[in-house]
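Please see the structure below; I have some questions.
By written order: A, B, C and D. Residues from 1 in each chain.
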Amino acid sequence: MSQEVLEKPSAHPSARVYLSIAAILTAITVVEVAIFYIPAIRGTMVLAPVLLLLSAGKFALVVMFYMHLKPDSKLFTAIFTAPLVLAAAVILALMTLLGAWVY
Amino acid sequence: MEATAATPDSLESSSRLWSWITTTDHKRIGILYGATAFVFLLIGGLEAMLIRWQLMKPDNDFVSAETFNELFTMHGTTMIFLALMPLSAAFFNFIIPLQIGARDVAFPRLNAFSYWVFLLGGLFLNASFLFGAAPDAGWFGYANLTSIQYSPGVNIDFWAMGLQILGIASLAAAFNFIATIINMRAPGMKLMRMPVFTWMAFITQFIIVTAFPVITVALVFLMFDRMFGANFYNPNAGGDLLLWQHLFWLFGHPEVYILILPTMGMVSEILPTFSRKPLFGYPVIVYSGILIGTIGWGVWSHHMFASGMGAAADTYFGAASMLIAIPTGVKIFNWIATMWGGKIRFTTPMLFSIAFIMLFTIGGISGVMHASPPTDLQQTDTYFVVAHLHYVLFGGAFMGIFGAIYYWWPKVFGRLLNERLGKLHFWLAFIGLNVTFFPMHLIGMLGMPRRVYTYSAELGVGGMNLAATIGALTLGFSTLVLVYNIWHTAAKGEKAGKNPWGAATLEWAMSSPPPVYNFSVIPEVTSRLPLWTVGGMNEIPDVPPEPIHVPGGSYWPVLAALGLVGFFTGALMHSLWVALAAAAVLVVSVFKWAFEPFEM
Amino acid sequence: MNLDRRSFRRANQLAVLASAALLLGLAGCQGPFPQSTFSATTELGEDLSGLFWMIFWWGVAVFAVVQVGLIYVMIRFRARPDQPDPAPIHGHTALEIAWTLAPAMIIVFIAVPTIQVIWKEAGTDTANALQVQVIGHQWWWEYRYPEYGIVTANDLHLPQGRPVELQLTSADVIHSFWLPRLAGKRDMILGRTNRLVFTPDSVGEFWGQCAEYCGTSHANMRFRAFVHTAADFDSWVAEQTSAPAAAETLNDLERRGLAAYREVRTPASNSCIACHAIQGISAGVLGPDLNHMGSRSTVAGGTLENTADNLAAWLRDPAAVKPGSLMPNTGLTESEIAGLVAYLHSLR
Amino acid sequence: MSTAAIGHYTSTGQDTRKIAFWTFIGSECMLFGTLIATYLSYEGKSVVGPTPQEILNIPLTSVSTFVLLMSSLAMVLALAAVMRGDTRYSKVWLATTAVLGAVFLVFQAFEFTQFVDEGLKISTNLFGSTFFVLTGCHGLHVLVGVIWLATLLIMSARGKLGPEKAMNVEIAGLYWHFVDVVWIVIFTVVYLIQRGPAA
């Protein structure tokens, strides 16, 4: 967060980029729901990691491109990711301490 | 406590009261915070006196059990949420913009909103006394004592909603200060050239921003359990009572760092000034502050060693809690090194800061004693912990804050507080504190648990409890000496120039009290200690070369605050109409506020 | 300036003397401390206080270093008239490393024994341990010995030398079982069972108290533990498992008490049999089990000695003894109270 | 960061409101993180009553997820339109975003009423309590977003939302995308990964 003189304004991506990202997001959602309905995967242990990965992908896409975090100053990335990581840690810690990992 | 107005030219306005109600000037909001918090400090202190009077001797009947339980709950809640945090906020408000060379905070109206929500929240919480239903489940309010089954009255509703309101005030202020510190520093003031008080405040705001949502969620769960029959803390429906303890202490431990870090910043400003020497190891103090803030998030369950979480959890939380002693120890050694080789003047702020180091060390050590889970099995929930927490919160936070009051008073009001009365206040407080809280280590180890309205004579701790009561009365009286000092110097205090203590940071570069625009020209700094370094900063003329636009007042923040607190009052009264009406006031005020032309 | 230094030094000595006198004087003149954590009598208790004293002496060492350093600095570097401004020293890396490593070393010295004790206490085997279920109620203690089928209240009886495993839970809010001289404390939480394992070594009477704030009469939730020799414990068990004396053997005062005990009052929840249990007479579960109540050392959750007039005072107005008590004031007449006291004390 | 000329000096060259708002989003991460942590910790621990497997309606929520994704697309297109000063498309895309958000809320309201009819209320069991508070809190945020977008739409209709006001729209966009991102997590964690014993 060193002091930068007025940062060079990076142009916002064109509409075409946004449309392609929307298409990817839709595709991932369709895949997620499809996986949900495949009985072979539904009951197994592999369902959760796959779905978490896919949704993390959607999460990153929206945050980096729609919320313009990727081209923006690293200041915003820092302010957003620190609490995000903390929130993830809190989720894992509470699930562990309250005994939620039982299957 | 109607403070003397800042410099006459800065506060011309039709009626004085209306100008205070609609003020958006960070300096006046700081004074409002300080005055309100000081009144709540006196209320909390009165509650402490009543508690000590009841515990003066075994089987005493000065107050009933119900009243005692309300007193210790309100003493804890008031001291933490209504006295200590707002007193720190008073200094954040007044001093941070001056230290970073800004004309005001980033969002002045949001700043006013924070204050009014805080004030109304404090009144909301204390209004419970008028209904004879003050909160009585402890400042921590463990689940299912707070459930509707075991606390059917409105006591807990007052407590939970009061904390929600105060949480909103703290969060709003935190966003404001983070934006101010990041974006409104004077040219040349890189992050590592910021004064240490602003650094510690910066870390504190990030802890507030991440910790308060957790207790907000915990309180929402509690309110849904009580009002809509939800099952969050209902073991019969599969709920786990430890969920509340985990969520509360996930907020609770970062909270105690919210309480102590600002004071560490204040002490780090006072010690160099009166040792005539720069702070020793500035970057180390800053990084250890950041380390305390982050590790502070990984230790919360040391409040729960007796709840049977299992050996693995106890081992981790015990080790992590001990780890925090290292950055704290490093700070203490750096403070002593600051004084080493200095030219030490024992003014009142300096005495309070030295006492802070002494007493906070004792509190830190007694803290490490129950960071170890097995010893905590004897110490938790006993008076040993009461001694520990008062050494770090009174000996630590309040001594530092009293020092800061005497240190920055001339800058805020233009007059120095009387040194002789200051020293009397210091010695009475120092002796009173030790006489009150040192015996409590022993009382706890000899078997007296916390929050008991009485104890049997055979327990053998009657004599020490009497000593603690005498000490508490001394402490109470010492605070009155400060009140007299304030009243005495309001008119007759020695005039303070720009820099009565010869300090090094930016807030001493303009007149006392500062003009409403703070700096006639925006300062440019080239060093961490601008006033002590040759060419450290540009010249600040007394009269601004060209007119400076000062934003006017606005009444939308106070109306929005009334709407918000009205909504909670409606919820408390289980009256949908009051809640909806208040919500309407809030929404209208927010819209009007958003569209009000307010030129920064 | 002189005034500050002289008054400062004299007042400082005064403060140190006052604190020291206070500490020593008051500690000495008190009688024996029934709930002191300093005089543990079990291996578990000794482990806990051993750790405490180890950390305590480390603390005293650190305290000494800091205070001596501070006082030396205050005296050595106080401002002397027309003394030049000191050199602006900003830092010293070697020193920083030194006083980061030093506390880290101390922490290691403290952490290792701590972790050893944690895992030792968690790992104690409870093969032939005496199982006692301890159930916390708002403001009294219920004990159950499944091995002997005994249900009692407030007085915990344990045999010497045999490990005991307390199964701690609560029937309402969170309490905390604290028996300083034998075992430290452990929370009692509705919906969970916590365990506390220790081996009572020396015979005697040990006091305990609830340590987690649990409502109006949290201060009155006390109990006593009695460690007996193996023989005495067996005779206690025999006494507790014996059937109550037959109605005919009661004298007429006790018989009047039995009648009062059995009487259905208005409202029905005011009648003794609604909450209390005596073998063959009533099976209430809300209040303490009154079988063999006469042999108990205290009344009203450990707050009053079990004497006739204490029991009478308790029956006359429970809320006066334990504010917020769930036992209602049943408006007993003096003769009913006298009868009940005699009858209850007859249940040896 | 080209959206708004910066009136006065700032230390980082970024817009102060944007810094404050990203901090607010960080704080909201902790709020939703705690809600999700409680949901996951209590999953499968309900003693009685309908379980997630029995009652969750995946087709309906898949559609509402798609609706929210498309509203994010509409939001960025609205921002692009405002930045280029294209008043017509500003209004079109702002309206589309608000309407899609409202549709999502209708779907959610329908889902809630259906659950209540099938016997899952907030007081029924742990699942009911955690589910309704988590999704209800998210729904409230969507409602606030729709009102915010409607306000921007009115400003744009009155010609008061020119390129110089683009930062207002960008910040509304940050809020809207964040609410969408939270739903992405909720949709996966609550609806698709139904842990815990089937009924």
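Methods note: contacts are C-beta pairs under 8 Å (C-beta built on N, C-alpha and C of every residue); 3 or more make two chains touch, one makes a residue touch a chain.
If you're wondering where the values come from, they're calculated on a predicted model, not measured in any experiment.
Chemist: Averaging the CA atoms per chain, pick out the one whose centre lands closest to the mean of every protein CA shown.
Modeler: B
Chemist: B-C or A-B: which has the larger count of contacting C-beta pairs?
Modeler: B-C
Chemist: What is the distance, in whole Å, between the centres of subunit B and subunit C, each centre taken as the mean of its C-alpha atoms?
Modeler: The separation of the two C-alpha centroids amounts to 34 Å.
Chemist: Can you give the whole-Å distance between the Cα centres of subunit B and subunit D?
Modeler: 34
Chemist: Calculate how many whole Å lie between the centre of subunit A and the centre of subunit D, each centre taken as the average of the chain's C-alpha atoms.
Modeler: 14
Chemist: Which residues of subunit D are in contact with two or more other chains?
Modeler: 11-12, 14, 19, 23, 26-27, 30, 34, 38, 41-42
Chemist: Could you list the positions in subunit A whose residues touch two or more of the other chains?
Modeler: Where subunit A meets two or more other chains at a single residue, that happens at 1, 3, 75, 79, 82-83, 86, 90, 94, 98.
Chemist: Among the residues of subunit B, pick out those that touch two or more other chains and give their numbers.
Modeler: 178, 182, 185, 209-210, 214, 236, 239-240, 242-243, 250
Chemist: Would you mind giving me the full set of chain pairs in touch?
Modeler: A-B, A-D, B-C, B-D
Chemist: Sort out for me which residues of subunit C touch subunit B in the complex.
Modeler: 1, 4-5, 7-8, 11, 14-15, 18-19, 22-23, 26-27, 29-38, 47-49, 51-52, 55-56, 58-59, 62-63, 66-67, 69-70, 73-74, 77-80, 83, 85-92, 95-96, 99-100, 102-104, 107, 110-111, 114-115, 117-119, 121-123, 138, 168, 172-174, 176, 178, 180, 184-187, 189-192, 194-195, 207, 209-219, 222, 303, 323-324
Chemist: Please give the residue numbers of subunit B that touch subunit C in the complex, ascending.
Modeler: 64-66, 69, 136-138, 142-145, 150, 235-236, 239-242, 275-278, 280-284, 306-308, 310-311, 314-315, 318-319, 322-323, 325-326, 329-330, 332-334, 336-337, 339-346, 351, 354, 357-358, 361-362, 365-366, 368-369, 372-375, 377-382, 423, 427, 430-431, 434-435, 438-439, 442, 445-456, 458-461, 463-464, 467, 532
Chemist: Residues of subunit D touching subunit A in their complex?
Modeler: 1-3, 6, 11-14, 18-19, 22-23, 25-27, 29-30, 32-34, 36-38, 40-44, 58, 62, 65-66, 69-70, 72-73, 75-77, 79-80, 83, 170, 173-174, 177-178, 180-181, 184-185, 187-189, 192-193, 195
Chemist: Would you pull the subunit B residues touching subunit D in the complex into a rising list?
Modeler: 106-107, 171, 174-176, 178-179, 182-185, 187, 189, 209-214, 216-218, 220-221, 224, 228-232, 236-240, 243, 247, 250, 522, 591, 600
Chemist: Spell out the part of subunit A that touches subunit B in their complex, as residue ranges.
Modeler: 1-3, 75, 79, 82-83, 86, 89-90, 94, 97-98
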